Amino acid sequence: MTTVVKEMLETYPADLGDVDREALARCIEECVACAQACTACADACLSEENPAELSKCIRTNMDCADVCTATASVLSRHTGYDAHLTRAVVQACLTACRTCAEECERHAETHEHCRHCAESCRRCADACEALLLRLG
Amino acid sequence: MTTVVKEMLETYPADLGDVDREALARCIEECVACAQACTACADACLSEENPAELSKCIRTNMDCADVCTATASVLSRHTGYDAHLTRAVVQACLTACRTCAEECERHAETHEHCRHCAESCRRCADACEALLLRLG
Amino acid sequence: MTTVVKEMLETYPADLGDVDREALARCIEECVACAQACTACADACLSEENPAELSKCIRTNMDCADVCTATASVLSRHTGYDAHLTRAVVQACLTACRTCAEECERHAETHEHCRHCAESCRRCADACEALLLRLG
Amino acid sequence: MTTVVKEMLETYPADLGDVDREALARCIEECVACAQACTACADACLSEENPAELSKCIRTNMDCADVCTATASVLSRHTGYDAHLTRAVVQACLTACRTCAEECERHAETHEHCRHCAESCRRCADACEALLLRLG
């Protein structure tokens, strides 16, 4: 997949501050990928034979998708950076991704889409955690 | 404006738990209204004579809109409720709304749209705070 | 519910063109309300005894919520207005709202949340149709 | 970037119909990448010396980001597929991407972020067009 996350960071015309660009780019990419995985996993769960068993998984997937999408957008902006706001959003994203990873992992042996989605959530949670440690 | 926030809460077919329905409905309504106000305020700032002076305001408006939209969606779901996830999201929304209210208030005397937007952000921040005190 | 849709329109600092402000404000308000109703209806369907019967309804609700949210944002911006883009987005929203109204109406007698949601979708479809007739 | 778009498509538990999976996967990936590029480009434009000159570009970027995000979500769902709704959404996305590509191309020589963003919009428009030809 051709993303331009790094190209956009490199061509930002003002000062990016002392943010760790690698950690920032990785977190944006994982948020974007995780949002898509969660949206697809909610839909895949819905088409399983017994979606009632997966209702909590579907709900958590939808929450995680919404939070990851918002977080990717916030992290893609650098103008008028506010560390306090960014930190709160990435913290919420970390919580959403961990919660969704745990829920999907409960179904990972039965449903391959939950396994892929849980892995995407774990990668995103790791990227959020790494970014939180490096935020100014 | 005819919203069905309360009708949807009242017709939810399962147990809502011991959530304060008034506080929940109010927070959803304020998040939805605040997201719209912030999107419109970012655009209004962009059409002012000197948008460069308002670049931080525009950016914060966009962040606040994204976080409020995600929060309204999370709060509109009750299936498989997870207090920890909800709390993290509402906390991020409270931070975004306060940050955006402060920024818009700096321009409220010069730009009426910033005044209206700041008021909407304050109402949403209050609703988030009230809900956080009542979450199970 | 206190929305500031009209206040934001009235305080937009540049020329709004010859758009019908009543039709525009109503369409924004209905999009915002419909997105929330659809998100809540998808979740309510998910908590019914047999969500498998409602899988198409849940899916259509989620699509309609996403399209209404995007449409509300596009309509809340006036800077650099492009009639062609606006028209395509409102047309997609009209299609999404009609499709979702039809699907929810199939369950309106059994599930009150589907009845409320269908009404919200119909109001939004009407507002989109009225706006399309008045777009420059 | 590790996306799981294809893995999620391959593990969808029900019938995907006779959709062209390659075209579908590509369109989802381009929508997701384009939404991020447009959000970052709007912010980069905002930090240029004279954002007033770029106000139409910023606005179009924001519209395109919103429409691409909604389209990626709609295309990531397969349950209860409705060709009419999907077609309307992808058509709106095609219009948004072309409009944004044209606008960004006007600034591509002066602003590298606009060049990268225009390329992302063109790739997404191409993917939308290819998918529209293959939709059932």
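The letters A, B, C and D name the chains in turn, as written, and every chain counts its residues from 1.
Here is the rule we use: a residue touches a chain if its C-beta (ideal position, glycine included) is under 8 Å from a C-beta of that chain, and two chains touch if they have at least 3 such contacts.
Small disclaimer: the values here were computed from a predicted structure and weren't measured.
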| item | value |
| --- | --- |
| Which of A-C and A-B has more C-beta contact pairs | A-B |
| Computed distance of Cα centres, subunit B from subunit A, in Å | 21 |
| Whole-Å gap separating subunit A and subunit C, where each centre is the average of the chain's CA atoms | 27 |
| Shared-contact residues (touching 2 or more other chains) in subunit A | 43, 46-47, 55, 58-59, 62, 69, 73, 77, 79 |
| Overall pattern in which the protein chains touch one another (line/ring/star/complete/other) | complete |
| Footprint of subunit A on subunit B - complex, ascending | 55-60, 62-63, 66-67, 69-70, 73-74, 77, 79-80, 82, 84-85, 88-89, 91-92, 95-96, 99, 103 |
| Residue numbers on subunit B that touch subunit C, as the complex places them | 1-5, 7-9, 11-14, 28-29, 32-33, 35-37, 39-41, 43-44, 46-48, 65, 69, 72-73, 76-79, 111-113, 116-117, 119-120, 123 |
| Of subunit D, residues touching subunit B in the complex | 42-43, 46-47, 49-52, 55, 58-59, 62 |
